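See the structures that follow.
In what follows, chain A forms one complex with chain B and a second complex with chain C.
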Partner chain A sequence: MTNFYTLTCTELVEAAKEFKFIWLSLFFVILGITQPLITKYMDVILENVGGADGITIDPNRPVPSSAEVLLSTISGQFNQIGLIILIISFMGLIAADRNSGMQDFILTRPVSLRSYLLSKLMGHWVISMFSISIGAVVSYGYTIFLFGSFSFSNFFLFLLLYSLWILFVVSLAILISTFVKSPILIAVTTIAASIFFILIKGFNHFLFQLSPGGILNLAENQLLSVHDSNYFSIATCVAFILLNLSWANMNLKKS
Partner chain B sequence: MITVVKLHKTIKKRKILSDVTFSIAEGECVGLLGPNGAGKTTLIKCMTGILQHEQGNITFNSNPIVQHKKNIGYLSQHTDFKPWMTCEESLFFFGKLSGLDKTFLKGNISAVLEEVGLKDKGNYKVEQLSGGMKQRLGIAQAILHQPLLLILDEPVSALDPIGRNEVKKLIARLKKRTTIIISTHILDDASEFCDRYIIIKNGMIVGNITEEFQKSDRKQILVKMGNVPQTSEALKSSEVERVECLSPNTFLLTGAVELDLQKVVNDFAAKEMDITSIEFYERGIEEIFLEMVSDT
Partner chain C sequence: MNTDMTVLLEIDWPQILPFVLPIILFNLLLIGVALYDWFKRKDLIVSPYIWLVTITLLQLLGPILYLVIGRRMIRNDYSGEAS
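Coming up: the complex of A and B.
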């Protein structure tokens, strides 16, 4: 437990030294305010930017609800561009230690592989959720300012469930890091696998519910106030996280 | 102290170690020699508990090695630390992972930095250190918890001559108080510290060379002549199978089996040959190594 704490703190200090908390948060803040601003002022933007000849904005178009705007911010911005940048930011989470010999130095101490992997998971999850939360809260503020009120408890519940998805993505990056050494390849594979789990919704809804991506549906339902939610997705996502970690643990022991 | 019995290790369906058995006693300095890709690093990673092996046993004072991680200091082949940490912070980090308490660490870190010659570099960031300094910091983290066994994987191979010299001096000092295993393919370096050599090739132990072995390998005799013989064939006898001319008056005689020095001397005396000196030829570790790892 002491080793887990020491290793996690080191991960967090390293992220602070690399200004990850600042630039990732800024990035998510920009993503968070872009969607509500574009949705609200699309016609003004087109008018001022120019080059909008032939484009007509229906003046009678329905004004989207705050829930819809928040949903498009998360699924359109955070879960696509945001996710890619996030994965790129932690693509070297195991590879850097492995290639520098740091991993060997750590594992020859009385440190269990479990503590080492859990510290990586926890450290990068905290960094990611810190940035995402700041971005999401700013987006929430802009959305209720521009489109009307929205329940904070629902928004908070959404963030809580979304954090499970992020935990899964970090665990996936850890698992892939035990197979490949190149950080770029780790990033590409993690991005591809994560997008697959998101896109599977369009192909087979049942499979999507059984996949770790099912948690996204549950999270989005909190924004849309849908009550027939499938809480089984939480168990599925946790099971996949545990599976990823156990597999990574096994791989590192073997090679 | 450490015993390895019938160790087998396979990585990605490729057999890396096969039936590896040896033991190392307390106080010994053993060189683990082998060409690149022989399995030295994998063996070391199994011995330090980083990798799990499929078959065999590794024991430290009769207990499984994983129970003795606190007694092992390890220097990895690729020595790099968190570049943003200072030397002191790096050592503090590793000390904490070793379970050392803060008070002990505070006193011990400066002592260890002094020992490795980095006393005045305690506040330097790792990224400011030279290759030799990083390697010495690597040794510092390995000895910080005062281990009984020190395992050094290629400690000098990536360094320039100055860095190598610094690290070699440090190892020579450590040898006096710790059991050391040094993995290297630079034989000159190994011969400076090691009492014994374990030679590994294709994942198998092909030699266990002691100083006695080097001396007791009595198949070759070095002869210096007063007069240069007309033909080296004159030096051949029933026991001597091959004669090599090393210089105009120095010859290396090789027998198929162990040679009897007295018999060879008598033989030369009978032929009235002018011998200045005659002695068993003690082969260097490099020659023995090359013979053991060569495919022919």
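Coming up: the complex of A and C.
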């Protein structure tokens, strides 16, 4: 297990040297504060910078609750443009190692393939969740400041479940990078696959709830405080992550 | 990018400033990080001045694209010093 620890630390140090912690967090903070501010001040923005007269917003419109604003921040911003940037930021996670010959160098040492893959997964998951947590917490702060209070424990539970989805995305990127050589193609395929999973989770059918995107439904239910959630999707998500990893392990062993 | 600068004069600044300020601040911070890194490795990377334009003019996406892609594209020969 010491190999795993050392390799994970290497990943984190490398990310710190590339300022990845700083700029990824900044990006998610910007995404996180933009959505509640735009929702709150839409009429002021339209009045001042719209460039089009005659657009009015119904003054009696219902003010969205803080849960709805948080939900739109996460599913509208973090899960679309945020996910794309996140995947682009770790598209080279195995391909860069392979192209520079670092992979052969590591694997000729007494390091098992499993700890190599697990360290990749762990390192990139920690980086992503560090940035996403900072962005989400700042967004949470702005939302309760502008729209009223919301229970922090629900939000924390949501973040915990969302981190499982990020774990799945990282494992998907690892799996795809064992098939495809070029980093750009890896990014495009991973983005397409994860958006596909986000799309099919919307269908309200038992089979689709078992897809890895089902964990997102569960997480969103924590925000909306729906109580009849399907906690089974945690198990299926973990099963999918393990499946991805073992498949990647098999592929790398063959080559 | 919006190039019509006269619009800026018509905006009711005191009303819009309190919520636009954090976004501008964080954007400037991001651009600052990217520019710092660009300045350190502008002799190393491919076509540095195109990346400078990208960082400064493309809002939010430019610095990120530079930090993800641009800084990895290392020049492998030093024959084209002029670019």
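The rule is short, and it goes like this: the second predicted complex is superposed on the first by the 249 of 255 C-alpha atoms of A that agree within 3 Å, B and C clash if a C-alpha of one lies under 4 Å from a C-alpha of the other, contacts with A are read in each partner's own complex, and residues count from 1 in each chain.
Operating definition for what follows: contacts are C-beta pairs under 8 Å (C-beta built on N, C-alpha and C of every residue); 3 or more make two chains touch, one makes a residue touch a chain.
Bear in mind that the values here come from a model prediction, so they are computed numbers and not experimental data.
Undergrad: With chain A superposed, do chain B and chain C clash or fit?
TA: fit
Undergrad: For A:Ile85 in the superposed arrangement: first (chain B), second (chain C), both or neither?
TA: second
Undergrad: In the overlay, answer first, second, both or neither for which of chain B and chain C A:Val44 touches.
TA: second
Undergrad: According to the stated criteria, A:Phe232 is in contact with first (chain B), second (chain C), both, or neither; which is it?
TA: Neither: A:Phe232 stays clear of chain B and chain C.
Undergrad: Looking at the overlay, does A:Phe196 come into contact with chain B only (first), chain C only (second), both, or neither?
TA: A:Phe196: touches no partner chain.
Undergrad: Mind working out whether A:Asp104 is in touch with chain B, chain C, both or neither, as first, second, both or neither?
TA: So A:Asp104 only meets chain B here.
Undergrad: Just chain B (first), just chain C (second), both, or neither: which does A:Phe179 touch?
TA: Neither partner.
Undergrad: Have a look at where A:Phe27 lands relative to chain B and chain C in the superposition and call it first, second, both or neither.
TA: Touch partner of A:Phe27: chain C, not chain B.
Undergrad: Roughly how many degrees, to the nearest 10, is the angle at chain A when you join its Cα centre to the Cα centres of chain B and chain C?
TA: So the C-alpha centres give an angle of 80 degrees.
Undergrad: Minimum Cα separation, chain B versus chain C, post-superposition (Å)?
TA: 10
Undergrad: Do any residues of chain A touch both chain B and chain C, and if so, which are they?
TA: Residues common to the chain A contacts of chain C and of chain B are 18, listed in rising order.
Undergrad: In their complex, what parts of chain C are in touch with chain A?
TA: Against chain A, chain C makes touches at 7, 10-12, 15-16, 19, 22-23, 26-27, 29-30, 33-34, 37, 60, 63-64, 67-69, 71-72.
Undergrad: Spell out the residues on chain B that touch chain A in their complex, using ranges where they run on.
TA: The touching residues are 11-12, 45, 48-52, 69-70, 72, 74, 76-82, 84, 93-94, 96-99, 138, 141.
Undergrad: What residues of chain A sit close enough to touch chain C in their complex?
TA: 18-20, 22-23, 26-27, 29-30, 33-34, 37, 40-41, 44-45, 47-49, 51, 85, 88-89, 92
Undergrad: Using the touch definition from the top, list the residues of chain A that touch chain B in their complex.
TA: 2-3, 6-7, 10, 14, 17-18, 99-102, 104-111, 253-255
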